[in-house]
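Note that chain A is present in both complexes that follow, paired respectively with chain B and with chain C.
Let's turn to the complex of A and B:
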């Protein structure tokens, strides 16, 4: 047992995927902590390593992937130990993923898939597990749970199925929920409902929540703290308020500019120009350099490290933004949810 | 479900009748049963008499009509060789075939499933590579050749099993194994690839994240999915074993089933008996087909009876 005062503590985590064309460095030196009842948002573009980070936190990095360095501690126990991870998954940490329709086996009933987790981790029989599953469905807003338990995933709409997945994830009273883009596959109205459900469950149950998304709008109302991930590194962290109103890292600012608003149907998103770097050749410079409007020569020769700054926030940038109010970002967005 | 079954049953009857018509026409076209049955010194009168007895002097369409009408009542005529109802001969020889097919098929499916599951769990590992090689061998080696090699090796060489005939379980082992080998190969290959697909599916990864145990994921989640893919193949395998493999293996091992009987009937130009064997096999094949479809529909909730029919 290693000393850690946090529920989850990730220290200098490095995850690599060796491929024929070179080693992909998917997560590079990431550190963060999550305390009981806290909600953390992890935001980044596609390919920034969000899912890899989530899987690592569940002890689920599979070959060819490998944890090349660092520690993941869950209440002081290392999740790098497969046996520890197996006992904790589903029981103490659980997960909700992106596509609810693909998340459960299409050929087993909802009831079977909800109860199989409970009978394994809790000391209860099948009958009791079914009763509990019905109660859980009711709690996540699914009417007529008795009938629903006998149905298959394809008989549910996307939003309803995501509620089922959430109910299943919470069935063993975990202490932490990792939600990896839980609303990405859903339509806008349903997205808001599912987010609201996750937020309210988190508060009611005192859950720790790690909410992963590529969409800043999603985490705005749901999370106390945010981490912005770029090319496998945390480039900025702080409270939602800080990041929304005074982004210091140019990438955070760019993300804000490209964020669609849940309440307004945008015709076009302002996408961030350029592409994320090739993760097989990173390091030795700021990975945002080619896309950064503020890049200087130093940015191309030296990699900025995450520096703590005022009021608990931190950023990794040689030329941080001055802390102006970003005028095009309405406060309403931050208050969403 | 009732309507679906009714539809399938009437289709099955049509299939059996079509098979009988084809066999009837083909046997009339290629062989002259009367010439074979009579001794060499028979006269033209003897010949006409026998033709009349057998009804072969009438127009072929009339013969066919009578034949089908009788067959529907399970009257297939008398075996020319054994001089008694052909259907009796076939039904008498059926139990040994059913026993052999059941043993060979179960052996093939069970071993195939085990090999498929184990190799699908770790594709590329040494178990997998061995299994794939074995599977390909089982699929590609001709059965009569394996049958003979086994006799030479296990019966003549080691003296473990009798070379041929029927009797106790020791007579059953070699023919059942030879009959089942191609099934092992194909079931293993199909199960392996669908296990690999299933285990890589998102729902398996997510089940791990929800805390479902590895053993349950393999034995319930993945295997049920892979099983649905394998069951269609298994149905075809059973049909292949019954309608093809059994004839070869029974002949090599002189196993007194309908396959061996069919070979004997062909040697003796007993077209009535050959037709009777084909009739019974055709009925079994269409029955298996229906059972497989129903099983498939019941296993896979995404397929509904109305959509299949």
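Let's turn to the complex of A and C:
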């Protein structure tokens, strides 16, 4: 037992994937905590390490990937211990991923799959688990649960499948739910239904929620706290209001500027020139430097560390933005990228 | 309406999807696009938006002649392309090009960029081979913000955003008037998506292109489109200028769709009343009678179950298909 006052505490986590062409540093020195009942959004683009982070937190990094350093503590116990992780995963921490079909077996009925989770983790019999499964389906808004329990996943639409996955995730009364792009594969009206469901369950059950997404719109409504990931590092963290309205890291600001909004018509999007770095060759400088309009020589020679600043926020930048209103970035030329 | 480049009238596309009945005596038909009409002016961007299965992609493919049309007309620059064949058809087809969604699946991994971009030029016999078209390829690469040296490389050397630029260069090779872009930025990360959207807008200004921009992302559609058409279950339910669709939506489905889109701003999100619509789009093989949306519509009346409302003018340059509004 290591002392930790948090539900989940990640300390200096390093995850690497060795490949023939070099070692990919997917997660580089990430530290953060999640407390009971908190809703945390993790935002990043492809390759930012957000999904690897989620898998690491559940002890699900598979070979050739490995955790090269750091510690993950769940209520003081190390999740790097596979036996501990197996007992906690699905019971105290649950996960909802992007593709609901990938989390279900196509050849077993929904009822069988849901009861299996419960009989494995909880001290209850099959009959009781089956009744509970019906109640859970009802709770996540699936009509006629009795009949639905006897059906196979393919008989459900994408939105309904995701509801089943959520019901299964909640079946052992977890304390934390990790949702990795839970609505990315869904249509927008279905997305709205699922997001509302996740938010209301989180509040009703007092769950800690870690919502991982590339979509700034999704976290704006659902999360109180945010972390922005870039090239395997947290570049900025704070409350949703702080990051959306007074971003201090140029990447956060650029991400906001390049996202079109339904409610505001911009003449031109502020594209971020270039593309994310090759994760086999990073470190020794700020990874955002080649794309940053504010980069100086210091940014190219010294890697900034995530430093706490005012009111619980932190950023890793040598030249942070003013921090008052969302500053105007020079419109980037449609560059080579 | 000014100078209409493309007119679509009563476009209907059906797919045969198997047989029904005890002996399989009845052909099962799926109506992917049902009686869709709209027109697009030269130099305009027409956004076509809808959820999966709404028929937006099939509409684009039918205009390009990639799927057979069951009924209806498609007029390009005044000529009905459903009637012409052979040389004339090819000449029209040269003027309309497709930008597909997936920049990974749409480039042949065994061809160099020069061959890829020059392929339409060679197919239409403007050049004998890829080598002969080098000058034009360089021009196209520069136009799309790529490096001329890239023409000797293979697609695997490029990122998603760069591949989409190559796809755009190929679509522009024949100097088309109309570009049908089917989810051109959906597979890209938001920072790269912004680059490609900006590029498409710049190209439109420079080359006076006309776009049909098909997407499911309403924020992107709103950003790029002059006029927007909203599709639901094979039907065009509303057509209006971009700002009007967002400011004064008429069709209840449009309203529901707009309200479902999360806004990247926590203050707006907290203040916003999200009216989540229950249910899912109908089964396309057995769609409901009457208005296709009546099964989910909060305003549905008895007549909505009986007959499908026509798309009709409800305001200046604003059409909608709804009995109630």
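By our rule, the second predicted complex is superposed on the first by the 311 of 337 C-alpha atoms of A that agree within 3 Å, B and C clash if a C-alpha of one lies under 4 Å from a C-alpha of the other, contacts with A are read in each partner's own complex, and residues count from 1 in each chain.
By definition in this document, a contact is a pair of C-beta atoms (placed from the backbone, for glycine too) under 8 Å apart; a residue touches a chain by one contact, two chains touch by 3 or more.
These numbers come from a predicted model, not from an experiment.
In the superposition on chain A, A:120 makes contact with chain B only, not with chain C. In the superposition on chain A, contact of A:221 is made with chain C only, not with chain B.
When both complexes are overlaid on chain A, the residue A:191 reaches chain C alone and has no touch with chain B. Of the two partner chains, chain B is the only one touched by A:60; chain C is not.
Of the two partner chains placed around the shared chain by superposition, chain B is the only one that A:94 touches, whereas chain C remains out of contact. Applying the stated contact rule after C-alpha superposition, one finds that A:305 touches neither chain B nor chain C.
A count of residues in chain A touched by chain B and by chain C gives the higher number to C. Shared contact residues of chain A, touching chain B in one structure and chain C in the other, are absent. Across the interface of their complex, chain C is touched by residues 45-46, 157, 159-160, 187-193, 195-196, 214-218, 220-221, 240-241, 244-245, 254-263, 265-266, 268-273, 275-276, 332, 334-337 of chain A. Of all residues in chain B, only 201-214, 216, 220-221, 224-225, 228, 299-302 touch chain A in the complex they form. Only residues 55, 58, 60, 86, 89-91, 94-95, 97, 99, 102-109, 113, 116-117, 120-121, 152, 154, 165, 168-169, 172, 178 of chain A touch chain B when the two sit together in their complex.
Of all residues in chain C, only 51-52, 145-147, 159, 161-162, 189-195, 197-199, 201-202, 216-220, 222-223, 242-243, 246, 256-270, 272, 274, 276-278, 280-281 touch chain A in the complex they form.
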